[in-house]
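You will see chain A twice below: alongside chain B first, and alongside chain C after that.
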Partner chain A sequence: MTNGILDVRKVIRAGLLAGLVMSFTSAIGMVEDFDRRMIIDGLFSLGFLALLWYVPIAGYKVGDEKVLEGMEIPPKSRKHVLAGVLVGLIGGVVLLALILITNAMDLRDVFIRLSPNLVALLTFSDNPADPNFGVGAIFLIGMPGLLGAVGGALHLVSPRLRRQIVVAPTAIIVSALVKDVIGQIMRTFGLDTVVRQLYRNGAVRLVPAIIGAAIAFYLAGRERRETSRIREFLTHPDPKVRTRNSLIVGAGSIVVVVAAPWVLGSLLSEILATTGIFLLMALGLNIVVGFAGLLDLGYVAFFAVGAYTSAVLTSPLSPFFSPEWPWWYTLPVVVVVGVFAGIMVGTPVIRLRGDYLAIVTLGFGEIVRITFLSDAASPWFGGAGGIRQIPGIPLGFDTISGSDPEYIFYFALALVLLAAWVSYALLNSRVGRAWTAMREDESVAEMMGIDTVRSKLSAFIVGAVLAALGGALFSAKLGSIFPTSFELLISIVILVVVIVGGLGSIVGVVVGALVLIGVLGGPRQPGLLQEFGEYKLLIYGVILVYMMLKRPEGLVPRVRRQRELHEDELTQDDWFEKKGELSELEGGA
Partner chain B sequence: MSSSTNQKLSRRLRLNWVDSFLIGVRVAAVVFIAIGLVGTIINFANGEGPTAVAWRDLVVGGIAQGTMYGLIALGYSMVYGVLGFINFAHGEVFMGGAMTAFFMASYFVETGLWADSFVIALILVILSSMFASTVIAVLVERIAYRRLRNAPRLIPLITSIGVSFFLQYSAAFLFGISNKSFPQPPQGLLNKVDVFGLGWLLIEGTKLLVIVISVVSMAVLYFIVERTKTGRSMRAVAEDKEIAGLMGINVDRTIVTTFAVGGAMAGIAGSMWALLFRGVSFNTGFLPGIKAFTAAVLGGVGNIVGAMLGGLLLGLFEGVGPLLILDGWGIPGVSQLKDVVAFAALVLVLVFRPSGLLGERLSVEDRG
Partner chain C sequence: MALLEINSLAKQFGGIKALDGVDFQIDEGEIVSVIGPNGAGKTSFFNVISGMFKPDAGTIIFDGEEIGGWPPNAITRKGIARTFQNVRLFGNMTVLENIMVAQHCRTERGMFSAVFRTKAFKQEEQEIEQRAKKVLEFFGSRLVGYRFDQPALALSYANRRRLEIARAMATQPRLLLLDEPVAGMNPRETGELTGLIGRLRDDLGFTVVVIEHDMRVVRDVSDRVVVLDHGVKIAEGPYEEVSTNEDVIEAYLGRPAEAGS
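Entry: the complex of A and B
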C-alpha cells in the first residue's frame, strides 16, 4: 500500500482468506450451533460473531505495513478504507458462493453441516425449504464489506480513537459472554432487578449495550488509564510505600479469591475448581517445560498415577487392596508415588535430545492409560470400569466431594499456592539457575560443572509430584475415575495453557489457565462458555499454532525467555520477515 | 604411572547411576521377553494358544500393517532429515488420505464403478488420496512451518502438535465424528490367495494387495530419491541447506517437494488403511502416526530404506508381539495391549538406539 497504490494481489489474497474463514466456521457448524446464544438481544448472536469476527481484522491487516527500524512510515490514505471494503466484499462473495452451492446441490454426504438449515440461517429465512436469497445476498456481501471498511478505516484515525473504536464493541461482547459471572455476582448482592434490566436470555439488552459501549468508549479514550495507575501504584519510587501498596493489593486479592466461590455460587465454583486443578498441573508442567526446557507430552501420566493412588487407598470398591484410608493419609503416599513415577519416567529420557524426549514421554503417557484400561490390569485398577465410590475429603464436620465445589476450590487454591511458591523458590535457587543455564546451552552448562542429569531429573520429580497431587484432588472431586479421564488431550491442553501464558512465567501460567480453562474449559470439563463444547479442542489447536507463529513467548512472557527467543533484532526481523537465512537462532527451547 | 592408568581405567569403568538404571531396564526387558517367549513356546508345544495357521495370519497381518507404517514413516523421516523436527501433523495428512479414499469409494459405489471395474475405481481412489494428502502436507508447510525455518527446534514441533489438533478436529466437525465404514471390496479380494502355489502360504487378497501396492510405491520412491535430479537435490538439501542453496538448488522448492512426496506416500497408506480396516474416523491418524514415527526412528531418521525396514519390523512386532511375549506370561486380553507393545517399542528404541538400525542421516545443523 506504499505511495497510496492499491496492492491488488494482497487485497485479493486477504479477501479470499476472509471468505475462507467465514466458510470454514459455517461448514464446521459453529455458526449454526452458536446462533442460540445471543450477544445483543434480538440483534446479534454468538454465531454471527463466529462468522464475522475475522473480517474487520482482515480489513485492518490488509493495510498493515511492517515498519522496521529505520524505515519511513508510509502515509495513510483513503485507499486503506477501499482495501478494507474490497477485502470484505470478496470474502462475502466467497461465502455467498458457498451458500448458493450448498443450496443447489446436497453436500451433506461429505460436509455434514452444510445443510438447508445453514442456508436458511444465513439468508434470514424461517423456512429451510424456502431460502431468501435477496436478503441473504445483501447481508452476506454487504455486512463483510461494511466491517472490512471499518477495519480499514482504523488506519486513518488517531491511535486514541482507534483504541476507543476497538474497545467499545469488545467490551459489550465480553460482558455478554461473561454474563453468568456478572449476573451471579449481582444476584449474590441482591441486585436481581438490575440483572433483569441488563440481560435477557443471556444476552445484553439493546439499551444497556449502547450505554455500556458509550462508557467503554469514554474510558478507553482517557489519557491516563486505570491500568497505568495500578502499575504506578505498585511501582512507587519509595520502597516503603511500595511495600505497603503491594501488601494492600495482596490482602485485597486474597479476600477476593477467598470470597470468590461464595459470591459466584456453586455452578461457577465448579468451573473455578476445575480451573484450579488444571492450573496446578500447568504450574507443574511449567517447571518441566518452562524452567528446565524438557517438553513432556505425557504429563497426564503423573496425574493419572496420583488419582489412581488416592482412589485405591480411599475407595471401598478398589479391587485388590482397599484400606479405605481417609483422603489426608493418602497424600504422603501420593507424593512418594509421584517421586517414584518422576524417576521412572525421567531417568530413561534425560539423555535424549529434546524432540525425542517429547515423543518418549508421550509414549509413557499412552502406556499408562492403556494399561489402566486393559483387562490385564482390571483385577488391580478396575479396567475400563475404573474405580468408583471415592469418598471425598473428610474434614471432621463434613466430607468434601464433588458436590461441594466451593471447598474443592479452596483445596485447589491451597495446592496452587504451594505450587506457585515451589516454582518461585526453585527458580531463584541453585537448581533454578542450573535449569536456566541448561536451557540456554546444555553443553556449556555441563562444562561449567552443572550436573545436568540431576537438574533435569529434579525438574521431572517436582513436576510429577505436583501433577500427582492434582490427581489426588481430582479423584476426590469426581468420586469415580476411569482411564478415559486421562487421555493425551489433557497433556496437550495443559501444554497450550503454559505456552499461551508464557513458558517459564508463573503469572503467565495463571493468566493462561484463567483465560483458557476458565473460559473455554478443560478437554472434557465445561468452562464459562459452555456453548463451545467440542469446538474448544479445535480452538486450542488454532491458538497453539497462532501463538507459536506470532508470539512464542506467550501473553505474559518471562523477561529472560523473551530475550532468549529474540536474541537480537536482526534474528527477530529475519524470523518474522522470512527474508533469507541471516543467522541461526541458537539456544532457547 | 600405574596409579594414573588405574585412575583412567576406573574413570572409564565408573558407571553413572543413570547408566546402571538403563542397564537394569535393558536386562529387565530382555528377561521379560525371554520368559514370555519360553512360556509361549511351551504353550505351543502343549498344543495350547494359537495354532500355526493363526500365527501365519498374525505375521501376514503384521507385515501388511508394517508396510503401511513404512509408507507413513517415509514422510516423518524425510522431513526430519531435511528440517530437523518431528512433523506431528503427518498422521493427520495420512488421515486426510484415508478420508478422501472413503468419500471417493462411496461415490464409486453409488455410480457403480466400484462393482463394475474395481481396479479402475481403486486406482482412482488411490490417486485422489495421494492428491488430497499432498495438498494438505504442502499447505501445512506453507502456512505453518515455513516461517519457523530458523526458530529453535521445539517451536516447530509444538506448532505441528497444534496443526495436528486443528486438522483432526476440523475433520471431526466437517465430516462428522462418526466412524465411517469403507465399502466392501469385491468378494474375490476377500478370499485367501495361495501365494507362489506353496499350499501353506495363504494370504487374504486385500492384505496381499496392500503389501504389493506399498512395496511398489516404496520402490518408486526409492528410485525418485536415488536416481532422479529432484531426488538428488532433496538429498543435497537434507545434507546441508546452505551449501545446497549455494550450489543453485532452490531450497524452498525442494523442501516443498519433500513434503509433497511424503504426503503422497501417506495418501497411499491412507487409502490402503481404509481398504484393509474398512473404517475411517477423524482420529484414525493419531496412532498410526505415532507408530510410524517410531518406525522412522527404528530404521534411522532421515534414512529412507531405514523407514521402510523400520515400518515392516514394527508392524510385525506389533502383530506378533502381544501373543508371542505377553501371552507366555499368562496375561489376559493381550490383544488390548497391542498399543502398549508398540509404545514400549517406541520407548526402548528411542532410549537405547536413537540412531536407529541403519543409522540416522541428519543435516549438518542437526547433528551432534
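Entry: the complex of A and C
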C-alpha cells in the first residue's frame, strides 16, 4: 500500500493466508465440533468464531505499515477498506473452493473431517445430502469480505474508536467463554435468576449481549481512569501511605484467594487445584531452566518419584511395603527422596551442556516412568496397575482427598507460596547469583571461583524437591496413581508454561500457569475452557510459536532476560534516557 | 620463595605446541609483563595457569602448592584471578552483581540460610555489597553511583575492561593475571589504566602478570618482561634489556633477508 497504490502481492498473500487459516480450522474439525457451543444464543457459535477469527485481523494487518521514527505517517484512505475487502474475498474463495472440492470428491481418507456434514454446516443446509451452494457461496465469500472490510476500516477511525470496536465483541465472546465462572459466582450469591436471564446453554442471550457490548464499548472509550487510579494508589509518593496501600491490597488479595474456592464452587476449585499443582512444578522447573539455565526435559521424573513415595507410604494396597502412614508423615520422606532423586539424575548429566543435557534428561524422565511400569518393579510399585486407595490428607475433622478440591486448593496454594518464596529468596542470594552467572557464561563463572558442579546440583535438587512435593499432593488428590499419569507430555507442558510465562520470572510463571493450565487445562486435566478439549495441544503449540516469534521473553519477562533478547536494541544512550540521566553522559568514557 | 613458580610447562593442541617448556617465576609484589607476537602462546599461558586447560607437562607451584590440573574454581579460591582478552563479563547482570558474584568463593552462606533469611545471611549479604562497592571505588567515579544498577552490557568498552579488572579483584586474589587490559582504549584511557595497574600493587598489594601489546604500558608498569615466541621463552629481563635483545626484535620483525644464511 505504498504511496496510496494497492500492493497487489501483499493483498493476495494475506488473502491466501486468511483462506488457509479458515480451511485449516475446518479441515481439522474445529468448526464442526465447536458449532454446538453457542456464544450468542441463536446467532453465533464458537465454530464460526474458530472459522472467521483471523479474517478481520488479516484485513487490518494488510494495511498495516511500519512507521519508523522520522518517517511521515502515510495517509489513511478508503484503499485500506478495499484491501481488507479483497483479503476477505480471496480467503472466502479459497474456503469455497475447499467446500466444493470436498463435495465433489471424497477426501475423508486423508482428511477425515472434510465430510458432507461440514459442507452442510457451511452451506446452511439441514440435509448433508443436499448442500445449499447458493446460500453457502454468498455466506462463505460475503462474510469474510465483510469482516475483512471491518478490519481494514479500523485504520480509518481514531485509536479510541478502534479500541472500542475491538473491545466490545471481545468482551461478549469472553463472557460467553467464562460463563462457568460468572455463573457460579452469581449463583453463590443467590442470583440464579439473573444467570438465567443472561445465559442459555452457556451462550449469552441476544439482548444481554447487545447491552453488554454497549457497556463494554462505553467503558473502552473512557480514558482508562480505573487502571491509572490503581497504579497511583500503589505508587503513592509518600512511602508511609504507599506501605499502607500495599498492605490493603495485600490483605484484600489474601481474602479473595482464601474465599475463592467457596465462591467458585467445587468444579472451578478442582481446576484451581490442578493449576496449583502444575504451577508448583513450573516454579520448580523455573529454578532449573530459568535461573540456572539447565534445560531439563525429564522433569516429570521428580514428580513421579514424589507421587510414588507418598503413595507407597500411605496406601494400604502398596504391594511391597505398606506402613500406611498419614500423609503428613510422608512429607519429610518425600523431601529426602526428592533430594536423592535430584542427585541421582543430576550427577551424571551435570557435565553436559545445552542440547546434550536436554536429550539425556529426556531419557531419564522416560526411564523413571518405564521403571514404574516395568514387570521387574511391579512387586514394589504395582506395574501398570499402579497404586490405588491412597487415603488422602488427614485433617483433624476430615480426610481431604480429590472429592474436596476446595481443601486441595489450599494445600496447593501453600506449596505454591512456599515455592515462590524459595525461588525469590534463592535468586537474591549468593546461590542465585552463581546460577545467573553460570547461565550467562559457564566457563567464566567457573573461572570466577564458582563451583559449577555444586551450583548445578543444587538447582537440580531444589527443582526436584518442589516437583516431588507436587507429586505427593497429586497422589493424595487423585487417590490412585499409574505410570501413565507421568508421561513425557507433562514435562513438555510445564516447560511451555515456564517459557510462555517468562523464563526466570516468578510472576511470569504464575501468569503462564494461570493462562495455560487454568484456562486451557493440563495434558489430561480439564481447564476453564473445556470446549477446547482435544484441540488443547494444538492451541498450546500455536501460543508457543506465536510467543517465540513475537515475545520470546514471555508474558511477564524477567528484566534480565528481556535485555538479553533485545540486546542489540539497547545502546548505552537508550539506557541513560530510560534512567533520565542524560546529563551524566559526561562522566562516561 | 616465589609466589608462583612454573617449571618446563608444556601444552599442545593437536600438532601445535602452544607452550613448550616454559619456566617462569614471580615474587610477591612484582609486576611482570608477558609479551610476544600474535600466536606466541601468551593467552594459552594464562589459560593453563588459571585452570581453563590442564597442562600436558611441567609443574605450576603457587604459594607452595602444586596447582597444575586443578579445576578453575579451586585455583581462583587459592588466590589467582584473571581477566580475558575479549572481555567476558556477565552482560545481563548489573555492575554491582558482577562484583558480588565474584566473591562467591570467599563467602559461604548456603541455600538454607538464604531461604530462612538468617541473621548471618543478612550480615554476609551486606558485607558482600559493601566490599563490592569498595572494589568499584578503586576506579574513581567510573563505575559507581547510578552505574551500580546498570547491566554490564550497557557500559562503554573501556568501562567493561575496568569492570572486568574489578571483578577479578573482588575474588580477593594474591595474583592477578591481566590479559591485554588496555586493548582498544584511547591514549588517555591507556595512561589512566597504566597508573591503576601500578596502584594495584602499590596500594592494594596484588602481584600482577600482564599480557600487553602496547610497549609504552609495558615499559611503564613492569619490573620485568618475559618474551614468548612459538611457546618458548626467548628472553627475560628489565624492559630496556629486552627491548634491545636481538632475538626479540627478530621475533617481532623477522630476520632481515640479507642476514639469512
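FYI, the second predicted complex is superposed on the first by the 560 of 589 C-alpha atoms of A that agree within 3 Å, B and C clash if a C-alpha of one lies under 4 Å from a C-alpha of the other, contacts with A are read in each partner's own complex, and residues count from 1 in each chain.
Just so it is clear, a contact is a pair of C-beta atoms (placed from the backbone, for glycine too) under 8 Å apart; a residue touches a chain by one contact, two chains touch by 3 or more.
Not measured: the values here are computed from a predicted model.
Once the two complexes are overlaid on the shared chain, A:P348 sits against chain B while remaining clear of chain C. In the superposed pair of complexes, A:D451 makes contact with chain C only, with no contact to chain B. By the touch criterion stated above, A:L538 is placed in contact with chain B alone, chain C being left untouched.
By the touch criterion stated above, A:V257 is placed in contact with neither chain B nor chain C. When the two complexes are superposed, the chain touching more residues of chain A, out of chain B and chain C, is B.
In the superposed pair of complexes, A:V507 makes contact with neither chain B nor chain C. Looking at the shared chain after the overlay, A:E440 reaches chain C, while chain B stays out of its contact range. In the superposition on chain A, A:S429 contacts chain C only, with no contact to chain B.
Applying the stated contact rule after C-alpha superposition, one finds that A:W421 touches chain C and leaves chain B untouched.
In the superposition on chain A, the residues of chain A touched by chain B in one structure and by chain C in the other are 571, 575, 581, 584, 587-589. The touching residues of chain C, counted against chain A in their complex, run 50-52, 71-73, 76-77, 81-82, 84, 88, 90-93, 97, 100-102, 104-107, 109-111, 114-115, 117, 121, 124-125, 128, 141-142, 146, 150-151, 153-159, 167, 171, 189.
Chain contact summary for the complex, chain B toward chain A: residues 16, 18, 21-22, 25, 85-86, 103, 106, 144, 146-159, 161-170, 172-177, 241-242, 290, 293, 297, 326, 331-334, 336-337, 339-340, 343-344, 346-347, 350-351, 354, 365.
By the touch rule above, chain A contacts chain B in their complex via residues 24, 27-30, 109-113, 293, 295, 297, 347-356, 358-360, 362-364, 366-367, 370-371, 373-376, 453, 492, 495-496, 499, 534-535, 537-538, 540-545, 548-549, 552, 565, 571, 574-576, 578, 581, 583-585, 587-589.
Those residues of chain A that touch chain C in the shared complex are 421-422, 425-426, 428-434, 436-437, 440-441, 443-452, 458, 462, 560-561, 563-564, 567, 570-572, 575, 579, 581, 584, 587-589.
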